[in-house]
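Paired with chain B in one complex and with chain C in the other, chain A is shared by the two complexes that follow.
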Partner chain A sequence: MIRSIALLSIFAFLFFLPVTAEAIFNIETDQQTLDFGLMAPNEVRDNVPSKGVMVKCTSDQGIPWRLRIRLESPLAHVNNPSETIASDHFWWYGANTTGIGTLVTNENDFTVERIVYSAPAGEGANGIDVELRFKLALPPRTQSGDYLTKIIFTLIE
Partner chain B sequence: MLKVVRVLVVFSLLIFPAFITSEASQQDTPLMATVSVRSVFKITLQATMLDFGTVDPGTKSSEKTIGISCVTNNNNAWSVSVNAESPFSSGEYEIPISQLKWKAAATAGTGQVTDSGETSLTPENFYMAGMDEYITETPVQLAFTMFVDVPGAQPAGTYSTVVIVTMHEE
Partner chain C sequence: MNQNSAIKKSGFILLSVALTGFLFVREASAISIGVDKPHINIISDPGTTDSGVIQVKNKGEVPISVRVTMADWTYDKEGERVFKKPGTTFLSCSDWIDIAPKEALVPANGALDFSYNITTPKDAMGGHYAVIFFNASGMEEEDKFKAMGIKLVGRIGTVVYQETRGKTNKIGSVPYFKIIKPKKNEPLLAEYKFKNEGNAFIRFKGTLSIMDKDGTLYGNADSKKDVGTLPGDVREDAIKWFGSLPKGDYDLILTVDMGEGTVPVIKQESISLERDI
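For the complex of A and B:
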């Protein structure tokens, strides 16, 4: 009887241990830098990069998820950060996807965070690719030099 | 005893899923974005020759005005100067270059203008850009007027020189 109770206690304890399942919920890009190269004031450069930026989204949660995009801050001059290129001169658009969800394909500027892709429930366990391209129009009054910022992609359920 | 075990197993199976926890439901990844903006620093003259025509000794020529256009995006202080390469000469004769006089005005600019002066062989600033012109959205436009004050005993001849207008930044 005592032996049985002991075995049952161990059995019950093992089952009552909290278990943390490692969820797959991941986002990654196929490149680290989006480089518009050398541009002159007033110049517009579209379809950058020509092969697109691939964003791979993976989720095994089985519930709908979204890919969002935003700028950390406006493009800022490396040596004179007060000189910036306004975010309404910088656009993104979806070019392609391997998913069955909704991809935003019209041009959107970076003035606010926006949804790029909306996935239905159950999509993305093996990962889906979202291809994005970018456009930049330099204002006529733009200081010469190098400008830098970060584009932040967010995968959210 | 068997009943107790069954109850515990069923209870454990019911409880078990409640202890499975998932990770955060938001993930971020950054992509660096860069652009290099080309340096623009340019001065344009609307004419490349000033012809004062025929002038009698001891008189002043007619005034000739040329437009000057300046653009930059270097965000540095800049100015515009004028000088002559050599005296006004015609063979062995010369008109002192100081007799070539100028007047300046800004038609689209907020900097400091030196209204008038005499040309020399060394550059003299006649326009100092305002701070809001260190990066120009539209060109700074200057009107630069020149005339010659021909001395009274000047021998006849065709006199010429080269005038240099320079835009320079500090």
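For the complex of A and C:
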């Protein structure tokens, strides 16, 4: 009898054990790099990558959030960092989303940090996909070689 | 004569740029980063230190390198956050925050705790703000990335809201309130501006109540969103009333709520409707 009561007490305790739900606030990109391939001066290459870069944002916070984009620095020559491709020759645009918020679909250059997607309150508990594509126009006088930079996607309330 | 000098001499003929020599055969893996605290709210006493932990999670299949950076933030005219260098804005608390580690590896499908201390100076007044950024990038070998060109980095922010206990005033005003009568099928519109007159962050929301001259309530309408403001900010908002009203005279009462422990701002306007809407 006593053992039964003890077991029941343990089960009751476990059943009513307070559970703290973990907040979900997460960003995920489906690839780690962007590839424009070989380009010639004056060449414009659009719709890169052809399948898009997919960014998945998840928030269960119930309040509005933003996906933002910026370039860490202009594309710089790997051996001669003072040789750069200006950020107004490099563009991004939103191609698609699974969300109901506002996606920026017109071309924007990388001169400043900008908002890509604005989510209304309550959106994103199961994740929202935002697809982006990129365009690059090489200036006429571009030194040959590899150019480096980082595109930073930011998720913030 | 190397290739570059030959190209320079012959103009731009055949000049090509290898932006990204894509060396990987396999598909690059996804990068994932999350935090358990998208924001931190602290109410602190001057001269004290508040501590806590932010857990950074990696739900991806590859390890990530996480680097912590700080920034200040303000709002632009549209109410969107603008990030600025740490310690450069009047209400910054970036310099009050110490976080460790500054850089770390978070394993695939793993998590790591970052500990923070926020030390409120003895002479602190009102509210102060910052954002802690966790910058995640893949752990592929740097040599490979040098040839890759453009690296994608996921960054997630934890917004810090600090209030100084006993020295914070959350007060606001409505310097502009106007009712626009509807035309045909348009809704009745209440436009107003809210000004943060205090010394701390205020999130406000407006409610419009419509009453006739006998005091009968016809209905309420709310702002579509809560709007954040910093001290001194003036923000426009509008409330739409889609309901019907018979012709007559009405009082429209705007109540702007600023959250728990504050006194709402109330404004009133009267209108006369010459026809039913």
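Assume the second predicted complex is superposed on the first by the 136 of 157 C-alpha atoms of A that agree within 3 Å, B and C clash if a C-alpha of one lies under 4 Å from a C-alpha of the other, contacts with A are read in each partner's own complex, and residues count from 1 in each chain.
What we mean here is this: a contact is a pair of C-beta atoms (placed from the backbone, for glycine too) under 8 Å apart; a residue touches a chain by one contact, two chains touch by 3 or more.
Here the structure is a predicted model, which means the values were calculated and not measured.
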Which superposed partner A:Y147 touches (first chain B, second chain C, both, neither): both
Chain B versus chain C as contact partner of A:A23, first or second or both or neither: both
Which of chain B and chain C A:K135 touches, first, second, both or neither: neither
First (chain B), second (chain C), both or neither touched by A:E83: first
Touched partner set for A:R66, first chain B, second chain C, both or neither: second
Partner chain in contact with A:I115 - chain B first, chain C second, else both or neither: second
Set of chain A residues, in rising order, touched by both chain B and chain C: 22-23, 25-29, 31-41, 53, 61, 72, 75, 136, 138, 140-157
Chain C-facing residues of chain A, complex: 22-42, 53, 58-59, 61, 63-66, 72, 75, 78, 113, 115, 120-121, 136, 138, 140-157
Interface residues, chain B side, partner chain A - complex: 1, 4-5, 8-9, 11-13, 15-16, 19-40, 73-75, 135-138
Chain A to chain B touching residues, read off their complex: 1, 4, 8, 11-12, 15-23, 25-29, 31-41, 53, 55, 61, 71-72, 75, 80, 83, 85, 90, 134, 136, 138-157
Residue ranges of chain C in contact with chain A within the complex: 3-4, 7, 12, 15-22, 27-39, 57, 59-60, 80-81, 83, 131, 133, 135, 137-138, 140, 145-157, 159, 225-226
